[in-house]
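Heads up, the next two complexes both have subunit A, just with different partners, subunit B and then subunit C.
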Partner chain A sequence: METVIEVIVFGLQRGAIFGLVGLGLALVYKATRILNFAQGELGTVPAFAALMLMIGFESSGDKAANRGLLLPAIVLAVVIGAALGVALYVAVIRPLGKVSPVTSLVATAGVALLLTTLELNVFEARARRFPRPVNGGFRLIGTSVIVDWHTVVILAVLGGVALALAAFFRSAPGVALLATADDPFAAELQGVPVERMRAMAWGAAGALGALAGVLGAGVFESLTPGLVTSTFMIPAFTGVVLGGITSMVGAVVGGFALGIVSQAAIQIVTSYNLDVPGPPQLAVLLVLLAVLLVRPQGLLGRLA
Partner chain B sequence: MVELDDLHAGYGALPVLHGFSIAVEPGQVAVLLGLNGAGKSTAVKALCGAVATTSGAVRYRGEDISGWSTATRVKAGVVMVPEGRRVFGDLSVERNLQVGSWTQRRNSKWVRGQREHVYKVLPRLDERRNQLAGNLSGGEQQMLAIGRGLMANPTVLVIDEASLGLAPVIVKEILKIARALADDGTTVLLVEQNVGALEVADVGFFVDQGEVTATLRGKQLKDGDRIRSLYLG
Partner chain C sequence: MTVRPSRLAAFAGILALLLLIPQIVPVLYVNVISRAAVYGILALSMNVLVGYAGQASLGHAAFLGVGAFASGYALSELGMPFGAAVVVAAIVGMVAALVLGGVALRVSGLYLALVTIAFGLFAQETLFNIRFLTGGGAGQVAPRPSLFQGDVAYTYLCLGVLLLVLIFDWRLVASRPGRAIQALRDDERVAASWGINVTGHKLMAFVISGAIAGIGGALFASIEQIVSKEDFGLSLSITFLLMTVVGGAGNRWGVVQGGILFAVLPTILDRTHANFHVFPFTGLTATWEPAIGAILLLLTLTLFPGGIAQQQGALLSWLGGGPFKRDHDAQGAAQGGGMGARP
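Then we have the complex of A and B:
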């Protein structure tokens, strides 16, 4: 029983990060029909910016991060994430014009590679300590399972983001964004600034990515180049596909499901002492395969 | 109110309008009539800024607006209901109207009032406020498209091919709505292949090969032989 609770608690922690990354993926896909493989780096780059602020912009030394600066650092990360998202749309996606989904996907993957390489050049291939907003944890009543306060923080942030998005999609700009996604020409005929709407969606996705980056680095209490892409991107993508690619609720539900699946995979492999390489990755890819075979439109999506 | 003066326009290297001129007075229903590919749609798209003009003037309230963006024109009151209705199928009727009011969104009191007005003018929408636009019938979608246009507070409302693919009784209803809008002071431009639209018109323009080849007013609008000969050449 305790093991099950533990799997769920850790699964929810990872799943919430998958959800944050997934929301960014789903938002961009909804607005511009593009699978943004740079979404992960829209998280790692701002996380590095936050770290730089906390260690006083010394990239070489191993100075301890000043936790007092964590809040302004997170704000900085979100701003940089949003700016990066907009820049990616304006400088890469829009100039491409109307191209096949594969072309734009490769372009965003190229951006992800470029950003990861930049991080490697500036910060070297090693882990740096990264603080959490709240340290420690608490014992779950009636069990011996310890829940990190950081898990609570991530869930609270995800909840706040979900509420903000729900409110946004009821506001005039949110509805205009949905209309733009549905029929850009018709939206333009009503005076909706279509290009600005799309840039806004990319900016919001960048901000979500930044939150995922900062909180995701907090999960490991360390930050390495390419972190969000290598650890959260594929499960988040799978979660989004599972949830139904344009569905915001689906992105979160799918994220949680994938979090629990990958934790369960680790648990099963270790308790039965199985000789399986990379259990969480394997489980995630199996889920992806199963969704594509059984229900390609996802749980909450519709066939395109 | 609206004047297209010696307009030349087209798509890339393909010219469509060759000196297209019309003038419409406030509160009139003007019908642009002609065969497929005659240039009617291109002319009204030029009026709304959806097609760039190469020469000539688009005048609105005496001002040349040919350099204005679509958004600026909508704000100023030139609004188009596109061919094929193009309602936002994934959004409810109410949300479609909300998108329509984009340029007026800062004036929420007006928007609320106008929405109720639209529901009164188009009662079929009232019953379906929370239905997805994609689930409406063709006629209802056309009415929603018109209602969405009305939410932008138009002085000039262009309706492109409203009667296409609709049952005759619905077409009649939509033409009646167009007439009523004009009687309320909105200038209405109807792009039509259906000669029945002339019944509600104050002025009819027959369009052929990118030009206006005949202008019909008063009794001429009911002169069946004349209209037939225009169509058949």
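Then we have the complex of A and C:
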């Protein structure tokens, strides 16, 4: 029983980050029909910016981060993430023009590679300590399972973001964005500034990515170049597909499901002493295949 | 078919250059030429999927790895001769590709791209970690054949296989199944209405691609004579995609040049960094290579969707037997194969 609770608690922690990354993916897909492989690096780059602010912009030193600056650092990260998102749309996606979804995925994969290489060259291939907003944890009542306060913080942020997005899609600009996604031409006829709506969606996705980057680095309490892409992206992709690629709720639900599934896979392999390497990767591939073969539109999505 | 002397001379020149390169290049860098040949083979393997069949693959490093480990296992654990090990690698590559091709029958486009990414990660973390097959973290030893022990000799072997794969690719495109595969890329429903067996030819494209990648893997394994799972990460898969797109998906000469470019770029950056002490080279070390590749990709997609092949259109058309004109043979390449401007 305790193990089950532990799996769920850790699964929710990872799953919430998958959900944050997934929300950015789903938002961009909804607005521009593009699967953004660079979403992870829209998180890692701002996380590095936040770390730089906290250690006083000394990229080579190993100074301890000034935790007092964490809040301004997170704000800075979100601003940089949003700016990166808009820049990515204006500089890469728009010049591409009307291309197949796979081509734009390839282009964003190129952007991810570019950003990772920049990080590697500026910040070197090593791990740096990254602070959490709240340290420590508490014992779950009636069990011996310790829940990190960081998990609570991530869940709260995810909840806040989800509420904000839900409210946004009921407001006038939100409806305009949905109209843009549905039929850009008709939306334009109705006076919706289509280009601006799309750029805004990419900007919002960048801000979400930044939150995922800062909180995700907090999960490991360390930051390495390419962190979000290598640890959170593929499960987040799978979570989005599981939840239904155009559904925002689905992205969160799928993220949690993937978090718990990968944690359960690790737990099963360790407790039964199985000789199966890479259980989370195996689980993610199996879930992806199962979803695509059984219910390709996902749990909550319509057929795209 | 009459072959004009000038064209014959050009081919002879290219062949002579190929044969001379391993002699000219300093011994230290001969293995880079072998790697370039293997990347060229992998580019042709990618090209069958991306360029001809219009299917995306972001997990091709997995096929290279499957071939490399299969060959290593056959060579060092089963004691097979090199030729047999290459055949084993090709068959194992085929089987792996057949599995992925089975998935591709049900899902397509973006979803297939996702599956290939997840497959690549699964291969790297799970498949290549199975200790008795791949030696786990220590890696699998893959000795060279006795006839090609030296670095220079082995380079000639790799170049020879690249040439064979090129010839195979040329004959494939000219054949009935080859044309059927390309018809699938343009429109599956139209192809079906022409009586083309969609399922069979899609699977065939995957199997051919997997077999070529497996052969490439067998050669790759014996360059350094040891392979480990670290060699087959997601970034290598992305590199394979980059070289196919930058080279010009759909055009065999283009993609081979793309493969060679991406194989030698790190070494060239290292050498220029060490020898030229002027502005761009002082800051550019081999660690910047992926960034250069990514920028080339973005420039290719936005400005020249047909890649290197599009820019050399006239030359490639002439070498291929057509007139020296820009868009004759380059038509398919200008659409960029699977990367074309179709919504």
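Here is the rule we use: the second predicted complex is superposed on the first by the 304 of 304 C-alpha atoms of A that agree within 3 Å, B and C clash if a C-alpha of one lies under 4 Å from a C-alpha of the other, contacts with A are read in each partner's own complex, and residues count from 1 in each chain.
The definition used in the following text is that a residue touches a chain if its C-beta (ideal position, glycine included) is under 8 Å from a C-beta of that chain, and two chains touch if they have at least 3 such contacts.
Computed from a predicted model, the values in this text were never measured in an experiment.
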| item | value |
| --- | --- |
| Touched partner set for A:Ser100, first subunit B, second subunit C, both or neither | second |
| First (subunit B), second (subunit C), both or neither touched by A:Leu113 | second |
| Touched partner set for A:Ala179, first subunit B, second subunit C, both or neither | first |
| Partner chain in contact with A:Thr143 - subunit B first, subunit C second, else both or neither | neither |
| Partner chain in contact with A:Leu285 - subunit B first, subunit C second, else both or neither | second |
| Of subunit C and subunit B, partner touching more subunit A residues | C |
| First, second, both or neither for A:Gln190, with subunit B first and subunit C second | first |
| Footprint overlap on subunit A, where subunit B in one structure and subunit C in the other make contact | none |
| Contact set on subunit B toward subunit A in their complex | 48, 50, 70-71, 74-75, 79-82, 86-91, 95-96, 98-103, 105, 148-149, 151-152 |
| Interfacial residue positions of subunit A with respect to subunit C in the complex | 35, 92, 95-103, 105-107, 109-111, 113-114, 116-118, 120-121, 230, 234, 237-238, 241, 276-279, 281-282, 284-285, 288-289, 292-293, 296 |
| Subunit C residues touching subunit A - in the complex, by the definition given at the top | 56, 58, 103, 106-107, 109-111, 113-115, 117-119, 121-122, 124-126, 129-130, 234-235, 238, 241-242, 245, 287-291, 293-295, 297-298, 301-302, 336, 338-343 |
| Contacting residues of subunit A [partner subunit B, same complex] | 172, 175-176, 178-179, 182-183, 185-193 |
